[in-house]
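Letters are used for the chains, namely A, B, C, D, E, F and G, taken in the order the chains are written, and counting of residues starts over at 1 for each.
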Amino acid sequence: MGSFASFADFISMGGYAVYVWSAYAFFALVLLVNIWQPLMARKKYFRQQLKREQVQAERARAQQEHEEMRNGNAT
Amino acid sequence: MATQRKQRMTIVSFIVVGSAIAVGLVLFALNEGINVFYTPSEVAQGEVPSGQNFRIGGMVKSGSLRSGELQGTEVQFMATDCLVDIPVSYTGVLPDLFREGQGVVADGYIDGNGVFQASQILAKHDENYMPAESVAAMEASGATCDP
Amino acid sequence: MLGVKDLYCERDDRVLFRNLGFETAAGDIWQIQGSNGSGKTTLLRILCGLNDEYQGEIHWNGQALHKVRADFHRQLFYLGHAPAINKTLTPRENLRWFCASRGLDKTDEIKQALNSFKLYGYDDLPCYQLSAGQQRRVSLARLKLSAAPLWIVDEPFTALDKAGVAELEAFLESHADNGGTVILTTHHSLNMKSPVKTIDLDALATQVAA
Amino acid sequence: MWKWLYKLGSPKWFYTMTGQYMPWLVGLTVILLGVGLVWGLAFTPPDYQMGENYRIAYIHVPSASIAMGCYYMMACMAAAFLIWRIKMADMVAKACAPVGMTFTAAALFTGSVWGIPTWGTWWIWDARLTSTLIMLFLFIGVMALRSAYDSAQSGAKASAVLTLVGVVNVPIIKYSVEWWNTLHQGASNLSLSNTAANPPEVWVPAFFVGFGLLGFFLIAIILRTRNEILIRERRTDWVSDILGDARGEN
Amino acid sequence: MSIVIATLRRELLIAFRSPGDMINPLMFFVIAVTLFPLGVGSDKAFLSEIASGVIWVTALLAVMLSMDSLFRSDYEDGSLEQLLLSPQPIYFIILAKVAGHWLISGLPLVILAPVLASMLALPQQSLLPLLAGLMLGTPILTLLGAIGMALTVGLSRSGLLLAVLILPLYIPVLVFGTGLVDSAQGGMGISGLLALLGAMLVLAVCLAPLAIVAALRISVN
Amino acid sequence: MSIVIATLRRELLIAFRSPGDMINPLMFFVIAVTLFPLGVGSDKAFLSEIASGVIWVTALLAVMLSMDSLFRSDYEDGSLEQLLLSPQPIYFIILAKVAGHWLISGLPLVILAPVLASMLALPQQSLLPLLAGLMLGTPILTLLGAIGMALTVGLSRSGLLLAVLILPLYIPVLVFGTGLVDSAQGGMGISGLLALLGAMLVLAVCLAPLAIVAALRISVN
Amino acid sequence: MLGVKDLYCERDDRVLFRNLGFETAAGDIWQIQGSNGSGKTTLLRILCGLNDEYQGEIHWNGQALHKVRADFHRQLFYLGHAPAINKTLTPRENLRWFCASRGLDKTDEIKQALNSFKLYGYDDLPCYQLSAGQQRRVSLARLKLSAAPLWIVDEPFTALDKAGVAELEAFLESHADNGGTVILTTHHSLNMKSPVKTIDLDALATQVAA
């Protein structure tokens, strides 16, 4: 393990484990967030766009149905 | 057309003159020196009245650190800037980096005996990072001010 | 239903109306007329109990209004100049809160109410994405959900296009036909089959001046 | 040169270009960051004073540098947007704010954690720390201002103005350690020749992490910018083509 | 009581949709607290003495400034009129609204307070009393602030006027809240002061809605 | 330059006609300053140490909160558009407006400061540096605040957002302003710090109007 | 005078106008027509330089507008929806500041300008004491003081009574007769002797949709 005698040594970081590992954990979190968030946003965007198309189709259908129903009532 | 250019010139010259004044003032300020913590020399020259809270910054003089023979967790050492030494007394836990020959910043006041009673001790790291084995070489070359 | 006797109101030292009196009945449609600033909105708000700077009597089913306020509010639907639509919420959420605030248990009918105002598929879009006319429609969709017999609506036709105006007129009329009462103001001329009773505040004002 | 700049201003070109080079950038970044972090964490010898704790430097320093660089980049983009109305510049500026904010937060957090054992405090109101905190606030303020506007156009311009007003803070962060007596240490003098203080085995891994993080920063910015392009250009044909492809996948 | 739940839901939904309402008070709290060490000096021993006072005063200001989002948009879009015409008990609707606003703007302050307290070097044993005080005190501040906001919502420029009206009413809360921390630091019992703050909270919860409703009726007029 | 004088005159006239604009910041200043003895304890020796910091921080907040009256009514009644269409140099019109606003809301704070300072038991020798600092500092605060206000005047709910944008920019002024008092108390020279504050003021006077005009153009759009 | 070529503007993803082009000459009166939200105000603000979210060319006396901005602003009088009247100041004070901001030295003529808009004796009352119509008149009195040849006025007739409307129409016409140019929007039908050139934004929009 490079400059460490053992893996346990590496984990304990010469007694500074809390500091070193929490700093690295936060850093990893920052990296993760910066990748995860745009990727999720991208997914959401595609989902929304597809849903928007569906909704538009549905909107047209509902309008048609509603109008047919009304015309049916009128006659 | 002409008026537009004239207006712009007025504003530009206003800004230029202003910036010049600002630069002059900044240079003057830097000349006067604006310090936030005081070196032992400044303290010795009486720039800080006694009884007043302030911050002192310097090096821990080699060989000046006493702790074992004192009560509890009290420590005493000399803060120095290679010219003047100021005795410092502190009770509490010291940071890791607090070593003889290293930088230190202390909050506190000068008591009646001329001792700086610190309420907080902070260790100041220098600009050098090196593995332990290079230190010997370094000390031999006398690269740092060794107080 | 709602009756008014000897109503007097002044605002900023200007008399808006004096000796105003009328009595609505089930099936009535009342239109309050008058030029800008003549006090139409003020009158409607007085009738609702939102404004109490008046003198005179207002009674509800024969009882003084302030004694039967809770009952009156249960029977009243009021719609003011502003649409009372929160722009960050969706139409569905807006109407759901409306139902809750009126003690109605009609969350299932919300979609239908929106559809009947031609808001097909708009129920889950935040309202700020809707045009002014569509927002007005969301606001009006509440009429469908409300069970109140008395409707007091202030310029309900603003921001609606021609077709919307016609539909809303028909809807108001059908409410009156079913035994409800409508009190409204509008600057455009109504086009209804049933008789519309009018109160002209301008005429009242000239009467005052005379 | 100008032609290239002009092309960069075209969202479509940017989108396809970054799409092409992304795998390379990701690969390079993974290698640099991986090597640098493992080296720094496990193979560099401990510092003569701070011991293993010193390893925080490998993430603290590049995080802080990237955060400051990010602010500069955002300011340049803001200026380009305000002066030449380049819409791409605004999209990049918009992407910079959240990324810069997270990196500033990382610099603050790692620095604080590092300070607990070494200095004896996790926070002190010295010039370097305070000005870094101000930078965090500025990033947040820029985002808040943009989102407070209903009109995207106005929000973009307003946040650009604020960005430019706040840019004075960055040199203050950089030089605060020289202008004032700070508890934070000054700039280290790295050199290839000096093997005693700051020898290469200390700073070479730092270089790896530094460039790796730069790559990561570019990736993060590019990802966000691409999303923004898709949103703003959703009515154009080429975006609907992309959408069509996406529909095919689903 | 379904109206209470519905109102709470509505408030929280609106807040989550427009995060500025949640984040801005918090940011103000953090920034204003950081001003003090810069202003009065950052000596640790010294900071620890003023810590609780500074946190209380800043929380006071943050709550006060956050009030604007409580009734402003409802007033502007006409929802407030509808609310006042509701046949449901308006008293409880208002209470639910204020509770929702506290959850959005007050509670986050309490949750963030420990971090700021340690930045200001507040002694460990004072932390709990500080938090207890804020937990009981911020709802009082929100309720009192709501009265002031209800009175001024009809005016277009209400920021400073609200401050001038409401800050004097905040003083008792401040006195007891910081008293709590001082007592704890001095090793005295704090149950008495806690009970007092609790009593104030209960009173405020019971009586403030009456004042708020009355004030809203005036503003809507 | 008659436009500068005319604008100044207009601002002062408006302020004298609607005294709330002048009195509210002062009232806020006084009330907020009195909160501190209540919050941190009223021991005289202790108060005297925090006095300058408290006065500075409160002045900061008062100036910030007073900004609302600078552009709000002009924005709402359309005067701002007229101003931006003026053939006269807008840069100087804006400068005059901000100067007028400072005369109304900043200068009174400086004048009232000695009273509050003696309430907080500020040592005698610190008074002059405090006043000098405020005299140079409050115009900077007003100028920076005007940038923030210009950026947010088009938004309906801008109170807390303004704080979040502007308070970070106020920090340097606060640091130097209180540093001035500390140096004086420590018996050191203050000319350096004064020069620095002066430099900041000159720079702000020169550059802030550019940012304000740009921001106003955006807001009016 | 003012010319426009190939103007294109969209707002919130909706195209307001496209391929708009016209050229005003001295003596012209132009009326911009269109329904609510069709973009009349937006167009006027673009012409003034208050709004720069457009594509296309605007030129003033043959030169690109942004190059001759100061000169253009000197020749321009703009009046928007809002009256630009500070309510706490008196009409006289409002107009005095207007003169200063335009670099006019006409403080003596203020009273006369107010009188010509029938504000006899109102010159030293704070404007909040005036009615909406009177405030509008104060705002219009600036037309009398302004020396600018190009007037761009957005719904100047709001809040005016019948007589006021007729007078204002005559006044605008006389400005055109004297070689000035007027560009205006209004929802009411103009009643002028001289020919009025119109731009119909609704027609342009349907053209776009087609």
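The criterion applied here is as follows: a contact is a pair of C-beta atoms (placed from the backbone, for glycine too) under 8 Å apart; a residue touches a chain by one contact, two chains touch by 3 or more.
The structure presented is a predicted model; accordingly, all values stated were derived computationally and were not measured.
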Based on which chains touch which, give the shortest step count from subunit C to subunit D. 2
Farthest chain from subunit E by C-alpha centroid distance is chain G
I need the chain pair with the most C-beta contacts, please. E-F
If I average the CA coordinates per chain, which chain comes out farthest from subunit F? C
How many angstrom lie between the centres of subunit A and subunit G, each centre taken as the mean Cα position? 51
Distance between the CA centroids of subunit C and subunit F (whole Å) is 48
If you average the CA atoms of subunit B and of subunit E, how many Å lie between those two points? 41
Listing for subunit B: what residues touch at least two other chains? 3, 7, 34, 36, 120
Residue ranges of subunit D touching at least 2 other chains are 44-46, 53, 117, 121, 124, 130, 137, 140, 144, 148, 151, 153
On subunit F, where are the residues touching two or more other chains? 73, 76, 87, 161, 164, 167-168, 171, 175, 221
Can you list the residues on subunit E that touch subunit D in the complex? 19-20, 23-24, 27, 31, 34, 37-38, 42, 44, 118-119
So in the complex, the part of subunit D that touches subunit B is made up of which residues? 44-50, 53-54, 57, 117-121, 124, 126-127, 180-181, 183, 185-189, 195-199, 201-202
Looking at the complex, which residues from subunit F come into contact with subunit G? 2-3, 6-7, 9-10, 13-14, 17-18, 73-74, 76-79, 81-88, 93, 220-221
Contact set on subunit B toward subunit G in their complex: 1, 3-4, 7
Within the complex, which stretch of subunit E touches subunit B? 41, 43-46
